[in-house]
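Labels A, B, C, D, E and F are assigned to the chains in the order they are written; within every chain, residues are numbered from 1.
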Amino acid sequence: MENFSLLSNLISPVILAFVLGIIASLVRSDLRLPGALYNGLSIYLLLAIGMKGGVELSKTPLSVFIGPAILTLLLGIVTPIIAYAVLRKLGKIDRVNSAAIAAHYGSVSAVTFIIAVSFGTAMGHPPEGFMPALVAILEVPAIVVALMIAFVKDKRAGSWQAGLHEVLAGRSVILLVGGLIIGTLIGAEGFAPVEPFFKSGFQGALVLFLLELGIVAAGRLKDLKKVGPFLIAFGILLPIFHGVLTVWLSQFIGLSVSGAAVLAAMVSSASYIAAPAAVRIALPEANPTYYLTSSLGITFPFNVTIGIPIYYTLAEYLLG
Amino acid sequence: MENFSLLSNLISPVILAFVLGIIASLVRSDLRLPGALYNGLSIYLLLAIGMKGGVELSKTPLSVFIGPAILTLLLGIVTPIIAYAVLRKLGKIDRVNSAAIAAHYGSVSAVTFIIAVSFGTAMGHPPEGFMPALVAILEVPAIVVALMIAFVKDKRAGSWQAGLHEVLAGRSVILLVGGLIIGTLIGAEGFAPVEPFFKSGFQGALVLFLLELGIVAAGRLKDLKKVGPFLIAFGILLPIFHGVLTVWLSQFIGLSVSGAAVLAAMVSSASYIAAPAAVRIALPEANPTYYLTSSLGITFPFNVTIGIPIYYTLAEYLLG
Amino acid sequence: MENFSLLSNLISPVILAFVLGIIASLVRSDLRLPGALYNGLSIYLLLAIGMKGGVELSKTPLSVFIGPAILTLLLGIVTPIIAYAVLRKLGKIDRVNSAAIAAHYGSVSAVTFIIAVSFGTAMGHPPEGFMPALVAILEVPAIVVALMIAFVKDKRAGSWQAGLHEVLAGRSVILLVGGLIIGTLIGAEGFAPVEPFFKSGFQGALVLFLLELGIVAAGRLKDLKKVGPFLIAFGILLPIFHGVLTVWLSQFIGLSVSGAAVLAAMVSSASYIAAPAAVRIALPEANPTYYLTSSLGITFPFNVTIGIPIYYTLAEYLLG
Amino acid sequence: MSTKLLVPLKLVTIVTERILEDRLLRKITELGAKGYTLTQASGKGSRGIRSSEWAGPDTRIESLVSAGVAEAIVEYVAESFFEHYAVIVYVQDAQVVRGEKYI
Amino acid sequence: MSTKLLVPLKLVTIVTERILEDRLLRKITELGAKGYTLTQASGKGSRGIRSSEWAGPDTRIESLVSAGVAEAIVEYVAESFFEHYAVIVYVQDAQVVRGEKYI
Amino acid sequence: MSTKLLVPLKLVTIVTERILEDRLLRKITELGAKGYTLTQASGKGSRGIRSSEWAGPDTRIESLVSAGVAEAIVEYVAESFFEHYAVIVYVQDAQVVRGEKYI
């Protein structure tokens, strides 16, 4: 499986579109995906992930799914606590900003997930079909845990309930969970008529989405100075730690090599859609520069270029 | 043909997306399709219907098409008169609001049409290919008739000509009729290169469209109280009556079982794109709450869940 | 090859959509593609052209590509000079407006290019796969040359550097060149997963794009009076001259019949995306009515209906 | 402001249903407006429910005009649309650069 | 302007993060605003970086209200949002047609 | 309004071609504007035809500034853009909450 190489990952159209977006931003191009299109693409991608996951889930025996599901839930609870501890103890970052960042690193980036799946699939090793269900499981708990940490001691400017509503009724969760349920109900046969739209078009839509994400991420890069060296290191090392931990734990629940690698990519990834919205509402005192720059400007590019091949290589080594 | 069951209709991805939209709205999610995308999807869907209909029409002998065309035209003239009479006599609704509602129930909902076609196709009984041409025929006359009723006696605040222009030059008619003509001119061969876009992607695009339609319809549900019990009953019983009438008449013009059922769904449906715009211009005194809530909040959900299977079952019984 | 007929070109869905857009505008329809969608489509089309060109380029030996590339570059330098001379000498048009128009007629219209390719492909004679790379080569030089002409003698209100930046960092160039590079790097294998999105959907997306282009072009038609008979004749005769010149020169560089015809269509076409933006910045004194009406209102419709079949017929005659 | 460039004019703002846009623009041009600026808007007012979600969102029309023209526009809109359509109109003072262009 | 149709009111404009929109609209309605007009906006201010590109662009809220209500809205926004959120609020005079509707 | 929170400032509004946006924003920041709000717009003016349909729709820039900065912006725009570009600029009074932030 020497194919899990860094290079073959880097020259996928999706990653190159991300790079093109960064370059376009650096040369001050007028290129921008219209907001409506970017929103539309994110709705499409999330619903597609959910539905495809649901279709697969409808074929999966509970006995196969239960182990990965429980592990994912546990990691969703543990990883924000790890992240918080590291930020407070090693980074000396104040409580509210630590909790805000922890919410992001405990939750999951759907795009990182998709790219991890594509990477394995392109290598000829598609992961388990039910993985999208794990994305839905991983999305929420970390945000809840991190907000609990933030609210447990102090009086806060924001509203804990409003933040929770923002996650639970936010479009990420509605589309992922709604899609999962729809996919489970309709099964493969019911999915067939919409398959050309949601499956064949998926990778191409992702190219456009990452073009814009590159433009946005480039805008974050100029804030690297402001976040300081600790947060830069944190944004690379914590994902590696979470990824390694996940691969190691995956040994015990019967995931395939690719499944373990994809779960590692998910756990190591930092949310930049659901978490920012919830944190902005619940913890307005937290500085968005910290959590957005680290999750979108550092961890996301790191994971999709270097992180994912590492997790695959490690999974191959431990589980292969 | 016991397959024409309610359940198999309800668990299609399209209907479930509609339900998901309703739920998203009820839990106050921030999920909304951007306006530009919703408009774009409606342009795509209408043009696709038109073109596919035109391609089929180019293969259909006039002798086969003429019967259904004349019946459709007649129903487009008669049904608004029926609707008006019922609203005035039984509902005691004032003249202008009755005419406004009648315009909607005489015209046609393109989405209901599409879902009716999909239902039959999924059951293995696709209707005649020229049906979209009937949508174009059904769209306009009812609105003209209803406006005539409204303007014949009284002086009105709005402009009859402006309303008529709004229907005839409105994008529904331009796209349906334009698409029909394009499809007829290019035929199957000319359609081939654009077929992946307009045909394979169609059902999936409809899923996104209905997601938004669910969100909008949910916004209408809170007005159910305002429209009162008569209009709620009207929004269910009139479609059934129109549907039954249509199926019964279809016996005499050589439509297939599916063709009759789809025509019944069309005739029974209420417009909520072309008619509201025309009525708002021509009859501004009419209260939009009445016509929008009944057509979008009551009749549309009724038809796509319960109505369509009823029309199919009846058509099977009478024509099968 | 009697198939290269005017009629078979005119009844393609793409041209008919353009006509439908014109009609919609003439009857004052409310039909308009939302701006976000129109922008999104143009991003999609340009990136798709670039990527497909790059994939083909990765298979093309340099020896085959070098001849066409040099010819294209030369034509990109010579045609704006021809255009400028004609406008100044025959048209007596002032220097700044002549330079502005020359920038448009030296550069290239990507949509004209696509339609020329489709035309040949539909006739069973697809041109060389590397043609999109020639679009990228043809886009910029003419604008540079024309701005040089404008700035060489006089002090100008606009900024030459800003105009140049507008072309080079403009989304046309970023997407075309970026797409070319991505396509070259990923090759056919890497392109496979995104092929359904970028290739199968392409013709259909073009239909929607031309619908809007028709609406916009119709808005230009009312300015025909303002631009006067000289510019109308110029907008038809110069493209023919450029097209004939290109076909004749193509004999010497080993292009196929279709390749020569497509290159002729490109060279004869006038830019209406990259050039207007650059010219507006660099030459604000120039009157947009002149360059937009002639390039979009005259040359574009002429080329896609009559010009392209002429270039094909001539290429067949000279090279066939 | 003391700049000699500035001319005092009236800024008339109209927020109304998209469906009236064409008619309104034609009319205010007739009444003497030399230009206008449009933005997409949405909103809530006394008419709880409107068809605007179907006819597209509301439109917000701004026009800089002389006091006389402002008065004519205000009267026209009030008479023609207030009864049956969702509409709001207000007038503000504005100092306009090279304002004589717009009179 | 001398038209008898016009009533002097206050136009309160708030530009802020999209995420606050719902809460703000509910509150200004409570405080007495009879309507509002929304437009999408983007912008730059003292808070260099904001999450608005993720939470969607900013929102621009305009409401025509009486002087008293304007004061209440201004105070509410200043107290509730100024410290932690990107927000700007300003008040202008406006002559509103049939303005008594909005008081 | 009597609220002590309010500071009288000038609201400068510029509607112009999208293509000038970057340059204008850089310049008004240089001239002392502490922030701005952008909305997408379209419109009609003295220049019947413009390239804006190609360069994207117009842009509407609003900036709350001191009287001095307003004057500088007005002069800059008038000098640099009035001749060749589609542009309109006007200035209004506004009472700004915590307005000292923007001076």
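Note that a residue touches a chain if its C-beta (ideal position, glycine included) is under 8 Å from a C-beta of that chain, and two chains touch if they have at least 3 such contacts.
Given the structure is predicted, the values throughout are model-derived calculations rather than measurements.
Counting only chains that touch, the fewest steps needed to get from chain A to chain D is 2. Contacts with chain C and chain D are shared by B, F. Of all chains, the one whose mean C-alpha position sits at the greatest distance from that of chain C is E. Across C-F and E-F, the chain pair carrying more C-beta contacts is E-F. Chain centres here are Cα averages; for chain A and chain F they lie 40 Å apart. Work out the mean CA point of chain B and of chain D, and you get 36 Å between them.
In whole angstrom, the spacing between the mean C-alpha positions of chain D and chain E is 19.
Shared interface positions of chain E, defined as residues touching 2 or more other chains, are 39-40, 92-93.
Residues of chain C found to touch two or more other chains are 28, 34-37, 39, 166, 196, 200-201, 277. Two chains count as a pair here when they touch; such pairs are A-B, A-C, A-E, B-C, B-D, C-F, D-E, D-F, E-F. Within the complex formed with chain D, the residues of chain F that make contact are 10, 13, 15, 39-46, 58, 60, 67, 70-71, 74-75, 77-78, 82, 88-93. By the touch criterion given at the top, residues 35, 39, 157-158, 162, 166, 216, 219, 223, 272-273, 276-277, 280-281, 284-285, 288-289, 292 of chain B touch chain D in their complex. By the touch criterion given at the top, residues 17, 19, 23, 48-51, 53-57, 83-85 of chain D touch chain B in their complex. Those residues of chain A that touch chain C in the shared complex are 11-13, 16-17, 20, 23-24, 27-31, 33-37, 118, 122, 196, 200-205, 207-208, 211.
Chain contact summary for the complex, chain A toward chain B: residues 34-37, 39-40, 43-44, 47, 51, 165-166, 168-171, 174-175, 178, 181-182, 185-186, 190-191, 193-198, 200-201, 277.
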